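Across the two complexes that follow, chain A remains constant while its partner is chain B and subsequently chain C.
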Partner chain A sequence: MSFVRKNAWTLGLIALFFVLLGVTRLIQPSFGVSGLESLARAALPFAFATAAMAVVVIVGGIDLSVASMMAVCSVTAAVLMQTMGGVPAILITLAVGALMGLINGVLIVVTRVPDIVVTLAMLFVWEGTALLILNSPGGAAAPFLREAIVGSVLIDGLPQALIVMAVIVALIWVPLKRSKLGLAIYATGSDENAAFRSGVAVGRTKAAAYAFCGLFSAFGGLSLLALTGIGEPVPGPYLLAAVAAVVLGGVTLGGGIGGLLGPIIAVFILRIIRTILTLAAVDPNVTTIVEGTIMVGVVMFGAFLMMRGRGPT
Partner chain B sequence: MTRRLMMGAAVAALSVTVAPAAFADAHGGYTIGVSNTVQGNGWREEMICAMRAQALVEPDVTGLIVAHRNTDSAGQLEDINNLIEAGVDAIVLNPSNPDALNSALEAAMAAGIVVVAVDAGVTAEGAYILSNNQEEYAYLGARWLFEQLGGEGDVVYMRGIAGVSADTDRDNGFRRALAEFPGIEVVHEVFTGWQQDQGKQQMFDFLATGIPFDGVWTSGIDNVIVDAFVESGAPLVPIVGADNAGFVQYLTTVEGLQGAAVTNPGSVGGAGIALAVDILNGEAPDSTTVLVDPVLWENTTDEGRATIMAAQNPNLDPEWPVSVSIPGWTDYTMEQIIACEGPGEG
Partner chain C sequence: MSDIHPQAETETRALVRLGRFLKDNPVIPLIGLLFLLIGALELMRPGIISPFWAGNTIKFAIPLAMLAACQVLTMLTGGIDLSAGIVATCAAFVAATLTPLIGPVPAMLTAMVVGAIVGLVNGFGVGIARVHPLIMTLGTGLIATGCLQVYQRYVIATGTDIPDILEWLGTGRTAGLPNGLFLFVPFAVFILWLMRYTGFGRLLFALGSNEKAAKLSGVRSWQVLMALYVLSGLIAALTGLLYLGMIRAPSLSLANPLMLPSVAAAVIGGTSIFGGRGSFAGAIVGALILRVIETMLTLARMPEGARIALFGLIILAVTALYVRFTEQR
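Moving on to the complex of A and B:
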């Protein structure tokens, strides 16, 4: 029972996702393996952007430059892959991503300028950097990168893109969460002063969290390259979508509470809602309104449950 | 336990609100999917409305699914894949990039879906491309201008953005016309960047040099060039522009202005729907690339003036190109494109 209670929000999201999957089947009975595969592919860049955002939100910050960092990483990898092998290009891109995140974090810690201001400024800096690297869409993607997210593994309907994403996120997040640094991230997020007095190196912890944000953004940029085969210097609509998924996924914007599983399931919920609205031929101008309404509805419902949970039942 | 029950209730309520729209799914006839990644731009909005209006008047089309939002190539891939899942018979898209969408477009064609790219090309093998003939656009306007000058004189050549395919195509057309008129000299060539303010400033600067010239060819940055002449008090020379509402209005209202508007219709989207239906009905064109030829409206003859007057409509969005239909391709009325309603849309 305590497992259910502890993970009630995530379990609820999973249930909601499966219900939405059912709705999709209801509208389009032929929705099957290929539908799941394209859903998982579409979710990839959003999932990494959301993971990136979640880490800094948990540490008590926010990073508005996530989409711009993704653009820098996508064009960096696209340019590098024209001249070198895919693996070194990926490693360099990941290092570039982590470095950008680290720069964001160090600026916030050292200058004491609010995170929202620093990362807003860096949004423009990274956007310009991406355009300097590649002023119009171009470059190339290693074939193995493109194939890595196509098709299913083990059984039909278990999309390879989903497995790739889950493995990458788990390999980074699970050890991190269980490490000293992970504990420090949660401690700093819930109460910076208390964490500091308990001996947590708050500044270093924050900077590290932003570096991980940059690293996840780099994976996001690589997934864009894997999807399209080209690098696009202009950032896509990932910033606000990431914030939305983080909130919907049960991470408190104040920090210290939540994980990555909830937000990533939230990404899938938001993607499948778009699929449903497309399948049902809903007016595209209404689509975004419906998306926003569902989001705020679910979060409000969650807050309502929390309030009831605290009451003297 | 109650919590989870309530979650279930919320989910059920959600499903009910979403489900009724499912009846939009068409039976018999064709369902066409549309994908576009720029929302809120006059040319693109006209394109979408032309698609809806044409789908409405095509007797074989019973459903239209429009995925129309501001997004990147990855988002357009998502939309195209969703359209494939929706089981459409054809996809008409304005591609965000010629190379980025191939994986989804190839999957669509493998599933037997007709793919028509409008306005810009895609490199996916087997996809049809329908766009305005930009070379002819420049040639028509330039030839009219050079004829207007009696085959003799100096012209200012105001281009778009260097390196963009539409600009390159237009340059080819302009050079072709130039080669036919050896007496014509280009005294000044600039890139406006397709920016109104930049083009206007460039014209101010050139007028200030005092170098005489006899005509101006613009790549669509047109009404501000007229403004520059009027504001600086310089005598007007013949000006060629596009069929933007502002310039077309000037052609009928500015005293002493001789000019011509060459059409660059956003209604090429409607032509894309017509082409998709033709292909579905087994009447595919011989070539996978179809170019729509522009027409020229000039204000120096009574006939030309009448055409311009007929094209204007106060109900038309001022941001739209004035040419709302393409003869030989689109079949809808002006009322239908303004209404902007397609078949079977929720």
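Moving on to the complex of A and C:
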């Protein structure tokens, strides 16, 4: 019972996802394996952007530069893959991503400027860096990278893209969450002062959380490259989507609450809503309105639930 | 600052005093920085500084400063208005497309109503439903973008027309100075008066410094927040109208590039993003500083990427220095 109560929000999201999947089948009976696969592929960069955002929101910050960091990683990998093998290029890209995140985090800790402002400024810095690396879309992706997210594994209908994403996120997040650092991240997010007084190295924890944010952004950039096959220096619309999914996924913007599972399911919910609206032949512009309304509506609903849960104050 | 650590204090007293002075008068160091930058610009390209150049810089700083007013006012309560840029775009587009249909004055009024509606929704979300302002205004921004795209479908045939008064305000010059000042000076005086001498302004500061204390003293926070976000929407719409007159080409993303720099202008101007401290005068100087920096980076003939990156670094450096000096957070 306590498991259900503790994970009520996530379980609700999963239920919602399956309901929406059912709706999709109703509207488009031919929606099947290939539909699921393309859904998972399209959701890939959004999922990594959301994971990146979720880590820093849990530590009590926010990173507005996620989309720009993804652009830097995507062009870095695209340029490197022209001259060297795929694996070293990927490793270098991941290191670059983590380094960018670390720079964000260290700047926030050292300058004591609010995180929104620092990452807002760094958004411009990374955007410019991406343009410096590659002035116009170009470069190349290693073939195996492109194939890694195509098709299904094990059984039909289990998209490979989904598995790749789940494995990567789990490999990073589960050990992190169970480690000392994970505990420190949650502690810093829920109350920075209390964490500091209990001996948590708050500054180092924050910087580490931002580094993980950069690492996830690097995966996001790689998945962008895998999707399109070329490096794109102009950041995509991943910032707003990531914030929306993080909030939908039950991570509160104060920090300290939530995990990565909820936000990633929220990404798929947002994507499938888009699919449904497209299948229902709704004007794509109306889709934007619907997405915004859902985002605001769900947050209001969540606040309402929390107020009821807390009882009259 | 009692005398618990007398030695340490004598050493740092001058610095502390300087910091405190700057904290009380955040505009003075900013104006110093502005003139420093202008001096550097003159060194880079002797002879560039002219009345014409000054007029041009002021002209393009005006819409930025007006949008920064939205950010300053909302940041006072610990909020932020990320829908301001989109609201300005919507207002400009609505005004431009409705002018041939219903005449300039009703069209401009409709544009203002658009701003007020978005503000009302924001106010409802932030003040009554208690949604985080960042999320709420992002969401309404998304919704407004979608609405604008749908609306565009219906008016595409009517063509656009820009009211003469806006064109006069946006592009005309009087005695070398841009006509936009005719709108901006009364506007700035109004905002400064609002923040400093009215009950509403004090309520904003009170809510931002300590919301609980303000509520316990009988402030109905939802009414204040409602009024605040409607005001912010109206300012954004007005900015959109002025910007329309300046650019003279309505598009679906007209004022969106002003959005993030408006936050930067407010922050450089010494407004705390956590609420309770801020000044519009600072934001005006902040907007001017941003415009001067842009001119410098354009003149330096760097690749676009380096320019954008340097722009970000300079914003960061200015705010970091500022925080160091005034020890604010």
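Please note the rule applied: the second predicted complex is superposed on the first by the 311 of 313 C-alpha atoms of A that agree within 3 Å, B and C clash if a C-alpha of one lies under 4 Å from a C-alpha of the other, contacts with A are read in each partner's own complex, and residues count from 1 in each chain.
Throughout what follows, a contact is a pair of C-beta atoms (placed from the backbone, for glycine too) under 8 Å apart; a residue touches a chain by one contact, two chains touch by 3 or more.
Computed from a predicted structure; not experimentally measured.
Asks: Identify the partner contact of A:Ala194: answer first if only chain B is touched, second if only chain C is, both if each is, neither if none is.
Replies: Neither partner.
Asks: Is A:Ala8 touching anything from chain B or chain C once the two structures are fitted on A? First, second, both or neither.
Replies: first
Asks: So, A:Val118: does it touch chain B (first), chain C (second), both, or neither?
Replies: Once the two structures are laid over each other on A, A:Val118 reaches chain C alone.
Asks: Applying the touch criterion given at the start, work out whether A:Asp283 contacts chain B, chain C, both or neither, answering first, second, both or neither.
Replies: both
Asks: For A:Met300, using the defined touch cut-off, is the partner it touches chain B, chain C, both, or neither? Pick first, second, both or neither.
Replies: In the superposition, A:Met300 touches chain C alone.
Asks: Would you check which partner chain A:Leu91 touches, where first means chain B only, second means chain C only, and both and neither mean what they say?
Replies: After superposition on chain A, A:Leu91 lies in contact with neither partner.
Asks: Output check: A:Ser30 vs chain B and chain C. Expected answer is one of first, second, both, neither. What do you get?
Replies: The first partner, chain B, only.
Asks: Looking at the overlay, what does A:Val19 touch: chain B (first), chain C (second), both, or neither?
Replies: A:Val19 contacts chain B only, not chain C.
Asks: Report, in rising order, the residues of chain A that make contact with chain B in one complex and with chain C in the other.
Replies: The answer is residues 283, 285-288 of chain A.
Asks: Using the touch rule from the top, collect the residues of chain B that touch chain A in their complex.
Replies: Those in contact with chain A are residues 3-4, 6-8, 10-12, 14-15, 18-19, 21-22, 24-25, 39, 63-75, 77-79, 81-87, 97, 99-104, 107, 163, 344-346.
Asks: For a test of understanding, state which residues of chain C touch chain A in their complex under the given definition.
Replies: Contacts found on chain C: 80, 125, 129-132, 134-136, 138-143, 145-147, 149-150, 153, 260, 263-264, 267, 272-274, 303-313, 315-316, 319-320, 323-324, 329.
Asks: Would you mind writing out the residues of chain A in touch with chain B in their complex?
Replies: Of all residues in chain A, those touching chain B are 4, 8, 11-12, 15-16, 19-20, 22-23, 26-28, 30-31, 34-35, 38, 41-42, 45, 136-137, 146, 150, 224, 227-230, 232, 234-237, 271, 274-288, 294, 297-298, 301, 305, 308-309.
Asks: Touching chain C in the complex: which residues of chain A?
Replies: 62, 107, 111-114, 116-118, 120-133, 135, 233, 240, 243-244, 247, 253, 283, 285-293, 295-296, 299-300, 303-304, 307
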